[in-house]
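Chains here go by letter, A, B, C and D, matching the order in which they are written, and residues are numbered from 1 within each.
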Amino acid sequence: MRTDAPVLSLRGATKRFGGLVAVNDLDFDVAEHEVMGLIGPNGSGKSTTLNLISGALPPTSGGIALRGTPIENLPAQEIARKGVARTFQLVRLLPSMSVLDNVRAGAVFGHRRRWGAEAETHALRMLKLVGLDRRAHAHTGELTYIDTKRVELARVLASDPEVLLLDEWLAGLNPTELEEGIALIRRLRDDGRTIVLVEHVMDAIRSLCDACVVMSSGAKIAEGTPDEVLSDPEVIRAYLGDDDDA
Amino acid sequence: MIRADGRTLALVALVLAVAACLPLTGSAYWLSLGISIAMYTVLTTSWALFSGPTHYISLATAAFFGVGSYTTGIGIEYLPYWALPPIAGVLGAVMAALVGLATLRLSGVYFVIFTLGLAELVRQVIIWFQNISGQKGIYVLTKITEAQIFWQLLGLAALVYAAGWAIGRSRLGFALRIIGDDEEVARHSGINTARAKVALFMVSGAAAAVVGAVLAPRFVYIEPSTAFTPMLSFQVVIMALLGGTGRLWGPLVGVIPFTFLWEAISASFPNQTTLLLGVSFLVIVYLLPRGFVGLIEGTRRRMRAREAFA
Amino acid sequence: MDILITGLFLGGTYALIAMGLNLQYGIARIMNLANGEMIVVGGFSAFWLYSSAQVSPLLTVFLVAPVAFLLNWLIYWIMLRPLVKRAKSRGQLEVDAILATFGLAFVSVGIMLAVFGGDYFSYSYLARPIRLLGDTYALNRATAFLAAVLICAAIYLWLNYSRPGMSIRAIAVSPESARLVGIDVPKLAALTFALGGAVTATGGALISMFFTLDASTGVIFTLKALVIVIMGGVGDVRGTIVAALLLGVLETFVAAVIDPGLTLAAAYLLFIVILLFRPQGLFGRRGT
Amino acid sequence: MKRRTLLNTTVALTLSAALAGPALAQETLKIGAVGPKTGPLAGGAAVTHWPNIELWSTEVNERGGIDVDGTKYMVEIIEYDDQTNPSETISAVTRLATQDEADFILAPYSTGLNLAAAPIFDRFGYPQVTSTASTDRVGELSDQFPNLFFLLGQNSEIVGDAVEILTELREAGDIGNRVAMVNVADAFGIELAASAKPIFEEAGFELVYETSYPLGTPDLSPVMKSAKDSEPDAFVAWSYPPDTFGLTEQAVIEELDVGVFYTAVATAFPAYKQRFGAAAEGVMGIGGVNAESESFQDYAARHMEVTGQAPDYWASGMMYASLQILEQAITGAGTIDRDTVTQYIKDNSFDTVMGTIEFDENNNNPAYWTVGQWQGDAFRGVASTGREGAVDPILKDGWE
């Protein structure tokens, strides 16, 4: 398996909402088995970028490719099938279904499509992976906050994605939960998954990411290892400037 | 789960078999009630196949039903009767596909009223066409008996149940449940939401059109105002909602009591039929907020709870 | 020109039919399927007062409006408020409201049948030609149009410039936030529902000058009103007015120039095309 | 197999016992009546259908009942509202036949509902004497349903006579050749217009304006304006109640200047005259009666007295006549056996408020009024297929 060819690459990706440029001419690559952190102050266009990749929004211009195949004009479900799976900034579960069925949704319709007993065992495996296998038949309403996040993660994993997009997956967790969360993602990294992580929690970024892209006002302002970018003066300025109106 | 389904299936088959004997009793009265029940069972169940999981309330039933009636009404001059219901089904499905594709962006009440407008549009176009083509009144003079119509409807009901059961067990059914919960998640899980919704809408459109085609001989004379009556669309929605759309058998438990209630009121209070129907309606809405399914499941849960404590 | 004026007159009639429903649905959030019955009630009052005491329908309006207001206010508090309270979501309320007002429509038809029978009621009032710019028009339709203009303008001004009006618009946008800033939502919703009913009944009294009605005709008006409100965009007074006028002009144009047989088909086609391009209606907000 | 036959025989025996049983002891006849009290046709039924049933049953009972072979039977009317819905009509007639075990069932209201009920009437052997059904397929229908009788006439005759009146007026030099013809796009209107077109053309008329409009068209002024612009000598509308009123009102407003103004259903309603007053003078429409005949005048007076409203001048009289035919047939046959009564209806002639009526081999009443006209305070018959007392048509002279 070639590791030098990027799994996911963005070239000049741009999104305009009327006059507002939310994402401006963005380039970056995500290599196989790499955890890429997408960071930047609030409103810098990180989530919009994830939306472009996952197909929630079509880009105004520019290209997005998955293993060299352009996906920028595909609808979300096609992109999901090609192997890009995402979580949502605010957890979205399927409220009328059990935990297991939530995860089954990913197993049945995702990148690798399973059905019947195979889908169920796979879903259970994913639940075990996130540490929820004992609550498989619980109702989603009974779960704690972190457990809902785990379910969502398991659903996404169940589709065997090529690229995993995690949108502030660690946000809102208390310190203990945060620790568990980071450990969970580290385990995924160690399994060799390719992950794009939009995150605010700096500890997580430092300990999890192989590479980082820093965005400000829709544009990339820095790229490199976490230590490199977090010491970049422009990045610091961007964050500090953000602090003023935060 | 699967065993429970098997039992339900067996039960349904048994009920259908018993129902099929109804014409043998020779009672025209029960047969005519049976036709009402069978007709509304097909219409509401197929309606709920689409609307139950997606929560889209469609008022287009009358449009499909009317197209079906006209298929028989016009086609009977040229083709043998048995060929017509399938043709009506195909027409209904095609129409539903077109409508489905056109309405994907609409949400909530906009979809509701859109389907209503659509039904009226189809009716107006057909009337206009009938007028310019100089087609005189449409007569369906056949030797088809009430019993035959009843059996056809029962067969159709069996088909709809089988389809519903199969869909519920299929990827499509699972996809629809996901769509009903969160369409965004569905799309990002790799579900082609448009295709799933249109597919189901086609099933319900085809079923309604076939019902229209099957019932046309019963009416002998087809008029636009009765073939396309908007009241039918409303009645289907109401009965299905009264029953409950969460279960395949939900609409049926709405249809049966409703038909008997309707019959009882029509028979006993000919001058206040409308008034009393309205009143009983309100009573149901206020006392049974979750439909008959809610009532049944609530009772069952209470009984189980009592057993558990006993 | 002649088509335009005829069309505008018809559009004014439609605005009268739909404006009340727009208030009730857009703001009080009740999709009132008994809307058409309120029109027939208004129409019958006008018919009855005219044929028994020669009272002009234009005067009847001043009696009908307050009575209908009170009636609808009671309907809201007795029938609909419990539904609003028990509904867990907007969708649930929608379904409940559809079911309840459908029942109400049946009850209304039943009562009307019992009170004034199933016969047509029609009378002739101001059925005289007037000349405008060289063409003839029906005086009663012109009068109804004038009344529609007055009523719509009054509602628009009231909603945009009065204090309760602005509170009501706040509710239409977001009931939760409105509650947070201290607006008495239930009271104003009831008020708007009642007002909507009064406007509808007034419309009924006015259109009875040229429409032949009977106890069962309400549903036709309900359908039309729903189409207009949705086409214009829920909760927007301008939308309803524009949609009504558009529909009136289109129907007249098609009838006069293409084929009267396609009048209603064209109306529904317009409705469908508009929704295809603007799924939220002409003036509707996205995401509601 | 054997058991099945046995079962069927048992059922049949029970049924016939149930049907025959009450006839022995009772002294009232149960008469079923189905019709719209709600729905689109309720307005028409409230004028034509229900008042006559009330009038007839009141009268029969006041005179002590129907005479059947020396025994007097009071009548008891069992009414059902079919909500203008053919399914409901079918249910209600079935209910009358099986649950209420009605001795006779009156024909429902309007062509579509009559035909929807026809198979049930046929199956249980009830005669159905329709008075509000109008069709051109009388022959075929009476083959399929031998118990179905038609009083109101055939569309082609109704249309043909209207054209004939126009032709007469043209030949007298009263009107020209130009006809504007419109129709409501619903079953009845479409059927009439489709029949009318070739007949008009054959008679040498020029259709200068021809269109349909949907039932429920809210504003008919574009139709009337276009019709006026075509400068017709005669205006003919195959219309339904709400638009009959609407078209006339627009004609008044547009001051349509024609020698003949014809609207179809509801022109003969008293409400028409009430609404348009003097402007109604000279308007032609479907139907008509011999307003001078004593029997009709007497009927109209009793109708007014009992129901508080006037009868219409078209189907009302026919509706009442259908009830008279049934009553006379029962008395004449001297039994309430339905087959005998049906045969009696086929074989005999009846004396009714509309004159003597006798059905032809297709169970059709061959002699009926086809065209009427408002002249003075009555809608008088100007053309018929063999009725006495037609008046000469007058020209429409403005709208004052």
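The working rule: a contact is a pair of C-beta atoms (placed from the backbone, for glycine too) under 8 Å apart; a residue touches a chain by one contact, two chains touch by 3 or more.
None of the values given here were measured: they were computed from a predicted structure.
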item	value
Chain labels contacting chain A and also chain C	B
Maximum centroid distance from chain D, chain identifier (CA atoms)	A
Chain nearest the global centroid, as defined over all protein CA atoms shown	B
Length of the line joining the C-alpha centres of chain A and chain D, rounded to whole Å	75
Centre distance in Å when chain B and chain C are each reduced to the mean of their C-alpha atoms	31
Separation of chain B from chain D, taking each centre as the mean of its C-alpha atoms, in whole Å	35
Cα-centroid distance, chain A relative to chain B, in whole angstrom	43
Junction residues of chain D, two or more chains touched	37-40, 84, 185, 212, 214
Contacts with 2+ other chains: residues of chain C	109, 113, 259, 261, 264-265
Where chain B touches two or more other chains, by residue	124, 127-128, 131-132, 231, 271, 273-274
Category of the chain touch graph - line, ring, star, complete, other	other
Touch relationships between chains, expressed as pairs	A-B, B-C, B-D, C-D
Touching residues on chain A, where the partner in the complex is chain B	54-56, 75-77, 80-81, 85-86, 88, 92-97, 104-106, 108-111, 113, 115, 155, 159
Residue ranges of chain B in contact with chain A within the complex	171, 174-175, 177-178, 180-182, 184-193
Residues of chain D defined as touching chain B within the complex	4, 7-8, 11-12, 15, 37-40, 78-81, 83-88, 90-92, 94-95, 97-99, 111-112, 115-116, 118-120, 123-124, 135-137, 140-141, 144, 183, 185-188, 190-191, 193-195, 197, 212, 214-215
Residues of chain C touching chain B in the complex	25, 31, 33, 79, 82, 86, 91, 94-96, 98-100, 102-111, 113-114, 219, 223, 226-227, 230, 234, 259, 261-262, 264-265, 268-269, 271-272, 275-276, 279-281
Chain B residues touching chain D - in the complex, by the definition given at the top	24-29, 31-33, 36, 39, 124, 127-128, 130-132, 134-139, 141, 146, 215, 218-226, 229, 231, 263, 266-267, 270-271, 273-274
